[in-house]
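As written, the chain order gives the labels A, B, C and D, with residue 1 at the start of each chain.
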Amino acid sequence: MAGRFDMTAKVVSIREVAPETFLLTLHAPEIAEYAVPGQFVMIRPRQEAGFDPLLRRPFSIHRVHAQQEHIEILFRVVGRGTRLLAKVCRGSVLCVLGPLGKGFEVRPAKIPVLVGGGLGVAPLLFLADRLKGGKGVIILGALTKGFLLRLDAFSLTGLDVLVATEDGSFGNKGLVTEVLNRLLGRLEAESRRQIIVFSCGPIPMLRAVAGLSKSYQVECQVSLEAYMACGIGLCMGCAIRAGRQGYLHVCKDGPVFPANLIDWDQI
Amino acid sequence: MAGRFDMTAKVVSIREVAPETFLLTLHAPEIAEYAVPGQFVMIRPRQEAGFDPLLRRPFSIHRVHAQQEHIEILFRVVGRGTRLLAKVCRGSVLCVLGPLGKGFEVRPAKIPVLVGGGLGVAPLLFLADRLKGGKGVIILGALTKGFLLRLDAFSLTGLDVLVATEDGSFGNKGLVTEVLNRLLGRLEAESRRQIIVFSCGPIPMLRAVAGLSKSYQVECQVSLEAYMACGIGLCMGCAIRAGRQGYLHVCKDGPVFPANLIDWDQI
Amino acid sequence: MDGQVKGLRGRVDLRVSIGSLDLKNPVLLASGTCGYGAEIEDFVNLEDLGAIVVKGISLEPRQGNPPPRLAETPCGLLNAIGLENVGVEAFIKEKLPWLRERGITTIVNILGNSADEYEELARRLAGNKGIHGLEINISCPNVKKGGVAFGTDPQQAAEVTKRVVAATDLPVIVKLSPNVADICAIAVAVQEAGATAVSLINTLLGMAIDIEQRRPVLGNIFGGLSGPAIKPVALRMVWQVVRCVDIPVIGIGGITTHVDALEFLMAGACAIQIGTANLIDPTAPVKVVQGVIDFMQENNYFSLQALKISS
Amino acid sequence: MDGQVKGLRGRVDLRVSIGSLDLKNPVLLASGTCGYGAEIEDFVNLEDLGAIVVKGISLEPRQGNPPPRLAETPCGLLNAIGLENVGVEAFIKEKLPWLRERGITTIVNILGNSADEYEELARRLAGNKGIHGLEINISCPNVKKGGVAFGTDPQQAAEVTKRVVAATDLPVIVKLSPNVADICAIAVAVQEAGATAVSLINTLLGMAIDIEQRRPVLGNIFGGLSGPAIKPVALRMVWQVVRCVDIPVIGIGGITTHVDALEFLMAGACAIQIGTANLIDPTAPVKVVQGVIDFMQENNYFSLQALKISS
């Protein structure tokens, strides 16, 4: 496993792009060089001396600017670690470990459909960037317009962007899965075989996306989360239930998995 | 025990006045109003969430600017807590508890001789300020010129300032106790009874100051340190050995003690 | 924070009874971390709390251990105070009146070198107005003789409990040591010996070394570890003891915020004590009470019982 | 930090022998926090360390506990991995060759449900090149059957030790549980049963509750507490055990920096293991070795023995 780095990265910028949601840009040359879409980094949220909070936090690589040697992280404040992270200043330095895990497996012969709900859009922009120029669809979902994330950036990738908000304040009213259902439903079986779904978001959404993909016989890859300590396969802490195979480990077997490996009833 | 406050104080300024030695100015109106020379505050060194380091740190009140509602702290970086404190920025906010403990007992009828070694000068400037206009002597000591602290500020109090450096790079060559010895030695027994010594500094120095004062039969008050958890008499952690009376507690019985209460052999 | 708890805003009932001891709310101050009350009163309105457990009292005054008595550890505090206290007579004469006059619910933590001494302490305290309960400290790791032995042996713990229960009319809380393999064995033993309730945990035995001086930091070498660091161990033991005894269990150990307090209440503690947190923030107890009230109101828990996890 | 230890610059001798096991230096990686070596090799030059203790191995592969398996606590980590491992056969076939080819000093941590299983494990591992020692895990709190019981009862601990010692030519290290009242009793028992050395501590039993969900955080309810939070307890136990046995003592528990490592070495540990610190900073072990060397050189300690506090 080459190309994983334990480095200090300078904060290039940080800004609030939606309520409690921040876009963090780091100068991390090695990570920017080696990362592939779907991979993640472990970031130490504290800068001060001391061991509390103890663990690094995992975040998807939201985007890479190869020339500037920058990586972007899109994160939401949900607890102690992310609250600390939201307070870092430009110029300060963070300990970052990455790039980690298995990313999305892109199939050039296929037409990608990206499905992201809420913060699940985080790893998809990097993927969309890499798919740029080809055909493809992105379905973005959020509760309401104010929580729609990075719509402009996704639009600039040139892929078709469909939007769903649960309250109908922007785009289609409803869930991303309804949009996905209509989209796949419209296609012939033949065309469907050309499709590959890449998805990230809350478990209920992923379960539905995996279910739709299965019933339409479409390949589907999902990016999953688990509480992590090390992020590199040392502790076995990030187990999720797979089908017959017992447990998979999100940090090294994933975070991106073929949807059909996962035990969707027990996860 | 009225007039003790658990408050948040804004950092007005912080600057390095000698190697690893910082002058911190805080906006703390209530503390500035109630403090007397020799008292201290407990400052939480961390600003981030988290419990490491756990304890607040005790610092003498170096000076009070009553009109501006400011207090000054003079501190040296010796460990984790002080290292964190040295990094605070102007405008940030610290948790401060104070004013605490018993300060110096000033006797208007007597002539004060202040003896401060190294960082021991910290509580003496506040005292000198309050003695302003009267007669009195300040003996300041340091290893070498570069470590002499707040000479200008002490000079402005109008008291006579004597200086001793161990390497002779400024003022008298030698220890503050030698200066004190000469000063007391020159006086008649009669005049000596007029003198009161106030001292703060490392234990060996204080032991010598207490010894001299005892042999010249001069009243002496010393400011002592101990590792503290609460600073307000809750934990009994800050014990130091007194003579027959067992232990005294630096945070509530002190930090200023009559020198003859202390067991100088065992401390 | 002005040291006052905002009114209960109606609905949430925080009252709790431990035997004949009725508490306004389940937040108590732990022994050894709040002096005899007067030391902390500038920062906390003591009547707003469930009760105060005063510093451990012995028959004779004790000077305590040689300094240093404290060492900071990651998220924790080591102390080796050695039970410095004024002794039972001075407590009754000099400290108790202050507490009584203010109507503060007062639990007296007692410590002896033998079952006889515990009994004698209970007897001397009996009949003094202003004392609402006794807490038997059979678990302090900082004294050489007695103390610890009682806390690690079920039979001796039971013996001490029986003697104290016989010597007093007050509710008797037995405070358990965590330095044991099976805390349930001790808890069951003191329940059978007549304890009104158990409280746990006291400190974990620990130490620190000063590498520059190449010697133990504490004058006493060993000390008791307290603070946030020990919370997971304390919570586990409370969970276990709640599930093996029928008497009320008071949770102690690392409780610093209302979240910590709620963890213990959900584990099944009927009340909690705040220790080290008082030292680092004397207004912590009031914030905890307020935080518990707010959480319960926001989440529609109307009683402490409703918080408890049943499994 | 490039994962490499700078040369010893002459004077300081860090070598240590544990029975027939010769180590380059006293810094080892603790079982369960370094995988089987390959997982951490991007960050640490394993040959620069004393040894690696691989994840606990059982006779059959184990799936481990249901998630969540981890919870962060103040300066600590709760884990309930439940000894997920590939089983002894897969270990020998798939993991050991990698370690052997690199010449990494490898200690295998073993775990069984009975003395028979421990013996059988020792037998199966015997004769495989590339294994330099066994560490008997009689102390893991995360499995229901076996494990813990052996660790808290001196007789059973001795029995397991005897059986393993008889079944192998390798040095046998017995890893002790801290969840006991008297760790010396266990240490003395396994010394008498023929252990080459003891290592301590394993994790303290703890738990955490999610107050929003009102349920234990861990799928297994209880987990093992590790990390800086437990260091004072670990250090105290190491100090005690060093003073009650004659065999070498390996210190474990919360070691994160060279200062921590030096505290254990001064307490009398002949070597130390780094656990949780690997998880939060995989280059920590190398920094610890470097820090120990620098400290010894600056303070004129030329051997590990010189560090030890004699009292």
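Criterion: a contact is a pair of C-beta atoms (placed from the backbone, for glycine too) under 8 Å apart; a residue touches a chain by one contact, two chains touch by 3 or more.
No experiment lies behind these values; they were computed from the predicted model shown.
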| item | value |
| --- | --- |
| Between the pairs A-C and B-C, the one where more C-beta pairs touch | B-C |
| Chain of greatest Cα-centre distance to chain A | B |
| Separation of chain A from chain C, taking each centre as the mean of its C-alpha atoms, in whole Å | 47 |
| Euclidean distance of C-alpha centroids - chain A vs chain D, Å | 36 |
| Sites on chain B at which at least two other chains make contact | 50-53 |
| Multi-chain contact residues (two or more partners), chain D | 73-76, 227-228 |
| Pairwise touch network: line, ring, star, complete, or other | complete |
| Residue ranges of chain D touching chain B (in the complex, touch as defined) | 74-75, 228 |
| Sites on chain A touched by chain D in the complex | 1-2, 4, 6, 44, 51-56, 95, 97, 226-230, 232-241, 246-247, 252 |
| Chain D residues touching chain C - in the complex, by the definition given at the top | 73-76, 78, 152, 179-182, 204-209, 211, 214-216, 221-223, 225, 227-233, 235-236, 239, 254, 259, 262-263, 266-267, 295, 307, 309 |
| Complex interface listing, chain A residues touching chain C | 50-52 |
| Interfacial residue positions of chain D with respect to chain A in the complex | 1, 32-35, 39-40, 42-43, 55, 63-64, 66-77, 79, 81, 84, 227-228, 256, 276, 278-283 |
